[in-house]
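In structure tokens below, several structures.
The two complexes that follow have chain A in common; it is paired with chain B in the first and with chain C in the second.
Entry: the complex of A and B
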């Protein structure tokens, strides 16, 4: 399964939305209701499933689903 | 004549259970847990034409090249050695150093030779005289403040404070506590007659903190609810104040004694005000030890049941626990462990009984030859004490305590208590009854986002921590209204790990049972003062 699909699945799982409802411009907080605990679960789950490590400095920049996809795409698998 | 003052809150060399040192310990910029009220309040007492600069050393280093006319240093007992080090360096550079605050007030003899001006007691009533003397260059070596009416306490100068690096704002609505716990130094400094700020003062302070972005505020009272009538008045005002901010209400935390749970009205008002967590000195399940230390408010009380009353009102509890009372035998470690695990309390500040200077316990230990002179006097330091216990040797006390701390903070045990809290927590009331369900998350402050990455690091400490989070997440999903208090507990847990790691106290492979500690000591009569290294 490609990374993009996994990211969308995890976002959907954590936010309680359907994958089809997610758009690149969807805001994690305002549109998807991803508060701090959900954001933590999102990051940890993504790192586990994709075997990546999202840099601390990236976390504050993640405002939309598109930001998350772009950040993950930039990372090599560990 | 216009003058200038550089006010410093020195950083304690040892982290505390309630600090935020985990930020820089784990590679993030330094942060303060609770914004420092002392420096902000003293700054507000300086005459209007004085230039004042604040340094909270928990956040940024001391500027030893400071050009201000006067250096002001405050601090609690935990900051004592750093207060001295900072004072010495400034005096070496020819600066005039003024020292005050709780430690200077409780142990003036420790500070007298370390400064040019010593301020003992509270500053409000003598501030005018002090600043006037400093401005004219005719200061005295010592000023003694009494216990002023808190209407004299000014609006703190939070505009001078690095608020962006503090997690929680701070308001002190009262000073003093009528109880007389033998080990408590607060009442020696602030007195047993509680004094109060007016509701107008409190609301004015909250307005400033809210405008600065704080959405969590610690009410830094020694015992917030002890005068019920007055506490109810303040709580009603806090509820009104929060009601005017429905989109982003503020959550409050404070210190109370367990007896507050016996007043249904105060519990209801606390919930409506937005009180979401309290610190309670539970100390021990050993009733004889509670009596010994004059913690009468905890005697004859179903402690577990009373804790549940707080949870019923949507309020999480943090507990203070102590081992090493005269009535504690070698079984106390097991008893404390069982008791702690039977409570829905994720966080305990655990430590050995310590006798701070100026307390009745300190006097008693000295009189009975059981005081370790020059020993640690840091109540928040779990791995040492300045007393010689009775029911066990000092080595047994410290070894048993180390086991207890590590056992209670093993990831699996911590997760168990968090899940217990989640399951037993009552519905959120007051300003948060609609929040916390994911519908209206507010955008976090940058320092809160940093907290998120700290928690990610915590979960990445190892497989046990990962399992801990999975268990907590699963339980929290079922009770989303508990999210803020769970996240708070997790951050505090990260701080505990930092505290134990820095103190080389952390033992991830802690055994299930208390290690064999050997027989208790045989009673010995008399004995002179004990001295470390002596």
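Entry: the complex of A and C
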């Protein structure tokens, strides 16, 4: 399964939305209700499933689903 | 563009300041008399199990709680990690903590400290290293536990071990948390609580209430430490005198 699909699945699981409802412009907090507890769960799940480590500086910039997809695409598998 | 780091002279000054401050704190700590330690048995059992844990205390009790844990866990070969901010203060704390054998993660406090929490999670769950947290840190309000510690415990499946200390007529700094510094050669008492397990399925909307419960436990431990100190003053200490 490609990374993009996994990211969307994890975002859908954590936010309680369907994958089809997610758009690149969807805001993690405002549109998807991903507050701090959910965001931590989201990042941990992504790191575990994709075997990546998301940098602290990237975490601070994540505002939308598109930001998350771009950040994950930039990372090599660990 | 990332902010420029400190220059070489600032780094050297920080290294010197960290070295001197650490030596001062350790020497100072050796003058303190631990009059009583209450409730340490569950902590001893947890350490013996080899399971990583989150050690939690109010931010203003960092000094003696940190010394106590450092001594106790170092003797048993248990690794400890802590979070330091990306500020210059954080740089100083990092240098001191590293010199004392702590593992340090540097994290921003943006987005609710998410980056720092993620790094602490990696330590706990993947590296199986115990973690020190101050539930009312890094900026307060003092004595109000935030949900971060609970979030970490829930995700990593690690217990929270609350602890506190009391000291005879200590000094209080003018920091946001009114950091508590025992006077040299004074007596202190330490109180350790039962490890607190956080259910993996604890709903998000109950995190704040759980954080409040953790706060009440920390307050109760402060009272327990104060009581133990008073009893020790009357000659009925619950544990033999010791040093941190």
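One rule holds in what follows: the second predicted complex is superposed on the first by the 78 of 78 C-alpha atoms of A that agree within 3 Å, B and C clash if a C-alpha of one lies under 4 Å from a C-alpha of the other, contacts with A are read in each partner's own complex, and residues count from 1 in each chain.
Note that in this section contacts are C-beta pairs under 8 Å (C-beta built on N, C-alpha and C of every residue); 3 or more make two chains touch, one makes a residue touch a chain.
Fair warning: this is a prediction, and the values are worked out from it, not measured in the lab.
K.L.:
Scan A:56 for contacts with chain B and chain C and give back first, second, both or neither.
P.N.:
both
K.L.:
Is A:40 in contact with chain B, with chain C, with both, or with neither (first, second, both, neither)?
P.N.:
both
K.L.:
Between chain B and chain C, which residues of chain A are contacted by each of them?
P.N.:
35-41, 43-44, 56, 59-60.
K.L.:
Going by the contact rule set out above, which residues of chain A touch chain C in the complex?
P.N.:
Per the touch definition, chain A meets chain C at residues 35-41, 43-44, 47, 53-54, 56-57, 59-60, 62.
K.L.:
Using the touch rule from the top, collect the residues of chain C that touch chain A in their complex.
P.N.:
Checking each residue of chain C against chain A gives 2, 106-108, 110-119, 121-122, 125, 147-148, 151-152, 155, 204, 207.
K.L.:
Going by the contact rule set out above, which residues of chain B touch chain A in the complex?
P.N.:
27-28, 438-439, 441, 443-444, 446, 448-453, 455-457, 459, 466, 469, 473, 476, 483, 486-487
K.L.:
In the complex of these two chains, what residues of chain A are touching chain B?
P.N.:
Those residues of chain A that touch chain B are 16, 29, 33-41, 43-44, 56, 59-60.
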